[in-house]
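As written, the chains take the letters A, B, C and D, and residue 1 is the first residue of each chain.
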Amino acid sequence: MFSYRVRVRWADTDASGRIHNTAALRYFEEAAGDLFRHLGLSLEAGLAGGLDFPRVHVECDYLLPLGFDDALEIRVFRGRVGESSFALECEGWLLEEGPWGPLLSGARGRPIPSLALRGKLVIVTVDRQKGESTRIPHELRQALEQLSSSSKPS
Amino acid sequence: MFSYRVRVRWADTDASGRIHNTAALRYFEEAAGDLFRHLGLSLEAGLAGGLDFPRVHVECDYLLPLGFDDALEIRVFRGRVGESSFALECEGWLLEEGPWGPLLSGARGRPIPSLALRGKLVIVTVDRQKGESTRIPHELRQALEQLSSSSKPS
Amino acid sequence: MFSYRVRVRWADTDASGRIHNTAALRYFEEAAGDLFRHLGLSLEAGLAGGLDFPRVHVECDYLLPLGFDDALEIRVFRGRVGESSFALECEGWLLEEGPWGPLLSGARGRPIPSLALRGKLVIVTVDRQKGESTRIPHELRQALEQLSSSSKPS
Amino acid sequence: MFSYRVRVRWADTDASGRIHNTAALRYFEEAAGDLFRHLGLSLEAGLAGGLDFPRVHVECDYLLPLGFDDALEIRVFRGRVGESSFALECEGWLLEEGPWGPLLSGARGRPIPSLALRGKLVIVTVDRQKGESTRIPHELRQALEQLSSSSKPS
């Protein structure tokens, strides 16, 4: 399990007063980037080596309303790892209410901490020259093995 | 089935040279907004009437690489409709390659037209005052019934 | 003068109920991209030819509150053209109020049409290999000359 | 002077391989939000009190190419303070190169630290009910006085 902290940014809200529905996916991506940086890896670095790592599937459940300045902990787990693709399972835990967010978002009575977001990214290794999927590089596979597998939050 | 046209915008690309993984969800949202405007409705208008329509689930499969200026047709279908929630199933069809996008994105040999995106939005009707889900308004339910149900693309 | 139509998208609003302060710059960029496509050019195509066209200055005045679904006409004019850089001056005219936007944005009593946005993009031609600015390509310079110079809206 | 740290996020890049031209304005906004939180204030909280703080002018100079994962320090200074409006002057200093960003962005030979971004936000206090500008609240004016005025970077 890997942990990343983020606050809901103003630019990530919309006129409902709450978080926009694409924001969680950006937080998951930031957490994944931070994870790989800590492992001395970078999916982006693969680009220089001729590899691409497109996200071929993204999804998120919004379990609680979230608003501006709410403090979140994003947790990243290893999902299914195949020959050329792998999944990262992500959770977003509400750790602290933004001081003003509830006034705007109407969110009330949310337990602290509580599971607010649950999602998944599926990433494929692609040989950029050939335009075809290819085996996950050894280093990346090893790094994924170090990551704890997804919890089953109840 | 409802149809909406959009080109991949420069701001929706990332340093991979292709579309960012949150962009399709914005296109689905734009298509849904356009759909409701044509039906004389607006989820956003519900806010004024005390209703919220949060997206509680979003997902997308990226079936083909997409790049700057690729022209897409977003098709919206009715998914499952329950008491207080409903799903919109969305497809994104590549209609025309951007003149320059393939140089940047590396995308080649994509048939025209072809199914590039497939996703879903699940939307709940919420009573903003009570903070609880509530029945889908009658008008909205009628509008959803006019929408053809999701195709089964093979 | 070149004209481009856009509606304020839901994803471009924030929890104030109005347009986010970066959205106009995206609209200007979309308008500029559309302009260059019509001229058979693409700043992005330059990337393939070893040229970069980074925006080295962006600015925008927000003259009127704007909200979801407000319909805008973006007008693009030629600003100052130098050896290696050029400016595009942009205006955003409110053509039609979104049917629901005013409920969320609080915007009222805005004349139609009215000038809502005024801004500028300054773009430099860069030789990507050398990392240095270089002369504006001939074709692009000709295209800029076809564009009417900036009006002086009073 | 107030300082805020941020890394260039993947979602903030575009197909040029570098930062998108709206990203700096989001960083300035985040820095300003962080500043006000530390002062026990929130522009957003004003919404609940009937005040709006729209950004009526935003601008940014991009002085250096920036790419994914570059580490920045955003510095916020007090600009001109009037009756109902005030300016925040912002700088972005490159503190550390992202390990992989230069491969994608082509940025090379940038001194560390160096001034990469310089910009400004102009914010107006608006009475939301009347839709008119109004005096800056006393608490906010005091907070602004605590902020050092803009440096003159040469």
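Heads up, the rule we're going with is that contacts are C-beta pairs under 8 Å (C-beta built on N, C-alpha and C of every residue); 3 or more make two chains touch, one makes a residue touch a chain.
Keep in mind the model is a prediction, meaning the values are calculated, not measured.
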### Task
Taking A-B as the reference interface, identify its repeat among A-D, B-D or C-D, namely the pair sharing over half of the contact pairs by residue number.
C-D
### Chain separated most widely from subunit C, comparing mean CA positions
A
### Query
With respect to inter-chain C-beta contacts, which pair, A-C or B-C, contains the greater number?
B-C
### Query
Taking each chain's centre as the mean of its CA atoms, how far is subunit A from subunit C in angstrom?
32
### Query
Distance-wise, how many Å sit between the C-alpha centres of subunit B and subunit C, to the nearest whole number?
25
### Query
Listing for subunit C: what residues touch at least two other chains?
10-11, 15-16, 18, 22, 26, 29, 44, 47, 68, 104
### Query
What part of subunit C is in contact with subunit A in the complex they form?
10-11, 13-18, 20, 22, 67-68, 104-105
### Interface residues, subunit D side, partner subunit A - complex
9-11, 26, 29-30, 33, 37, 42, 44-45, 47-48, 68-69, 99-101, 103-104
### subunit A partner contacts - residues on subunit B that touch it in the complex
15-16, 18, 21-22, 25-26, 29, 44, 47, 52, 54-63, 65, 106-109, 121, 128, 131
